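In the two complexes that follow, subunit A is the common piece, with subunit B as its partner first and subunit C second.
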Partner chain A sequence: MAVPTSGFTGRRQNRDADLPPGQYLTDGFPVMSAGPTPQVLLRDWSFQIVAGPGETHQWTWEQMQALPQEDVTTDIHCVTHWSKVGTTWRGVSLDTLFEDVESEAEYTMVHSYGGYTTNVPLDDLLDGKAWIVSEFEGEPLQSAHGGPARLLVPHLYFWKSAKWVNGIRLMDQDLPGFWETNGYNMYGDPWREERYW
Partner chain B sequence: MDSTGQHPLDQDHLDGNALAGALDQFVSDLTSAECMCAGCGSSGPLAAALLYTKAPGMVLRCPTCTAVLLCLTDQGDRQVLTLDGVRHLVIDKP
Partner chain C sequence: MRRSWQVAEVSAVRAETARARTLRLRFPDMVAGVPGQHVDLRLTADDGYQAVRSYSVAAWVPPRELELTVEELDDGEVSPFLVDVLAVGDQLEVRGPVGGWFTWTPDRAGPLQLIAGGSGVVPLMAMLRSHSEARSAVPARLLYSVRSPDHVFYRGELDVIGQEDPQVVIDIAYSREAPDGRPVGRLTHEAVTASCFPPEDEPVIYICGSTGFVEAVAAWLVDDGHDADRIRTERYGG
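Moving on to the complex of A and B:
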């Protein structure tokens, strides 16, 4: 009896074995968007961390670009089942932005131009796990992919990596953002396949 | 609930099963229903709103103010419909 072999599909299967459950590899970069693409001029752009009443930390585009920039190579996993491996980004670590922020809060709401929100625990933004990125594959981040700048928190499903990010508000309790209100998981770990409620 | 395990307003309401007949019309095509945006108050048929589908769910936005009217998410074995941005729907009877 002939023994089935992996044949030409073997490489794909081996590569997929490194992916979270339910994911497939794509070489493209699908554009996902739940609304109009905000067109944000760099001179108008700002990013702020609101840590509590009277404690807001804000950066202009120039101030953000003057901070230490890190190169990040990482895999990304969209909840719509595609994954992309070895993507390269450049941006500012959230550790840098939170350096002078004092708060007892454990949760955050990430805000974007256009009104998008998503919730992420503060611990998932720190210790080298998240960045505000403005370059993708060596080029300025296109607006369709979240430019001028997006959050990159690649160990969670990619809806947490908010496009067109403009702020993070610290919260004492975990509240749902946009997709989390509309059927998606509060945390979104792709390796545990935390897609939905 | 009171000490007898009954809701204090029991005599004033039916349970949700009694709504079944009245909701039958919702299984027909809803896109012609007149929708009022909770954000800006403008009205129009759902069919004239802006639908975004390249996303983890289908997102319908108000054509006047672009606020989200409703979102329909497919969870595989069930669907989630949220109507946070809809003040009301006016639906013609069949």
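Moving on to the complex of A and C:
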């Protein structure tokens, strides 16, 4: 039962947009990260899926760009309470990347340049729910926002959309990544407000 | 942390600058946390409309209180209310504390380097206060970049810590307007290098400020040879 805050009226911007509980709209694009922004050269960039011993699938930047690119328009929701609606991205669907991957694993750990990790169930990466994106609003993705490429998995809180992504490792059990070890939820569904432990 | 919302009462308010003030909140039960953590505040209008925001804790005041410092944003929905309207005795709902990464406790090894841009000083002040209260023998430095002398939070307390704690050095850098005899201008790479422990001292570094500030300062420190693993950042915005 909420306690009224004396004298607070608010702006009610949320009424017009369909936002998850506890979120507010922003026009900006705030940045949340834990340390310095890694600078990754495209010629050094690679992305790999590690499905098990001896089963690694790897793409260079050129190989990734040669795959079918999809345009995605979606709302994004940060655990720090801001949401941004109608953002546009361009990148490769994880369905494309997982096409030839054989595995019984149900969980994944997403890895990034700089050492960041985050865990996402495999089902949440497939069936048109996740992409490796390299463009935001029609421009190459800036490094502060995760460029050259980040994961986009917009139905979960945005810390799951790992910046500077460089790989996905399949796991038999669900293990916590970086923020999940530091106070954030293992799954992170914004509509169920799964922010913290 | 507490997952549920708790009702806290505003027990004191204190102006920090013309547009920022510190709120002291008192809880019905004990409240404890670590320097650098934040809490969520939930405000509810008469008709049930709610807004939630996160604010860094500036001070832990055992056993039942904590302090937040809030700066009013020009187009803010919540911060103008917290700075201009909320009064002693009013109630707020609070959840937390939250956060396990951008935190420092006196048992952490290595010199402590704090770098703040504007209101980014708030979580770093919680660390500095903890350092002082613990009479830590760890050397600590705060580099605090502000627009003008009128924008400095915790002025009196910073002066006291800087003068009385032999382990602490505080540098304030002024970007738009400075006191007589002090340099003025945007923070430069050289100034940051000069105010920081060198890489060979292996300091643990905490940077908090706007995205542009944090991006620039963190990149300079990596350039200087500081290990990225020892640099922790937090940004505000939106």
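Going forward, the second predicted complex is superposed on the first by the 180 of 197 C-alpha atoms of A that agree within 3 Å, B and C clash if a C-alpha of one lies under 4 Å from a C-alpha of the other, contacts with A are read in each partner's own complex, and residues count from 1 in each chain.
Criterion: a residue touches a chain if its C-beta (ideal position, glycine included) is under 8 Å from a C-beta of that chain, and two chains touch if they have at least 3 such contacts.
Only a predicted model underlies this, so the values are computations on that prediction, with no experimental measurement involved.
Q: Just checking: does A:196 make contact with subunit B only, subunit C only, both, or neither of them? Give me first, second, both or neither.
A: A:196: touches subunit B and subunit C.
Q: Figure out whether A:128 sits in contact with subunit B (first) or subunit C (second), or with both, or with neither.
A: Neither subunit B nor subunit C is touched by A:128.
Q: Which of the two, subunit B or subunit C, is in touch with more residues of subunit A?
A: C
Q: Once chain A of both complexes is superposed, is A:80 in touch with subunit B (first), subunit C (second), both, or neither?
A: Touch partners of A:80: subunit B and subunit C.
Q: Using the superposition on chain A described above, determine whether A:26 touches subunit B (first), subunit C (second), both, or neither.
A: A:26: touches subunit C, not subunit B.
Q: Could you say whether A:159 touches subunit B, subunit C, both of them, or neither, answering first, second, both or neither?
A: First partner only, subunit B.
Q: Just checking: does A:35 make contact with subunit B only, subunit C only, both, or neither of them? Give me first, second, both or neither.
A: Both partners.
Q: Which of the two partners, first being subunit B and second being subunit C, lies in contact with A:179: first, second, both, or neither?
A: both
Q: Please identify the positions on subunit A that touch both subunit B and subunit C, taking each partner from its own complex.
A: 30-36, 78, 80, 178-179, 181-183, 195-197
Q: Quick check on the complex: what are the subunit A residues that touch subunit B?
A: Listed in rising order, the residues are 30-36, 78-80, 159, 178-179, 181-184, 195-197.
Q: Inside the complex, what are the residues of subunit C that reach subunit A?
A: Spelled out, the residues of subunit C in touch with subunit A are 1, 3, 5, 7, 40, 42-46, 48-54, 77-78, 81, 85-87, 90-93, 98-102, 211, 214-215, 218-219, 221-222, 228-229, 231-233, 235-238.
Q: Using the touch definition up top, name the residues of subunit A that touch subunit C in the complex.
A: These residues of subunit A touch subunit C: 2-15, 22-24, 26, 28-39, 78, 80-82, 114-115, 144, 178-179, 181-183, 195-197.
Q: Which positions of subunit B touch subunit A when the two form their complex?
A: 52, 54-57, 59, 61, 66, 68, 71, 73, 75-76, 80, 82, 84
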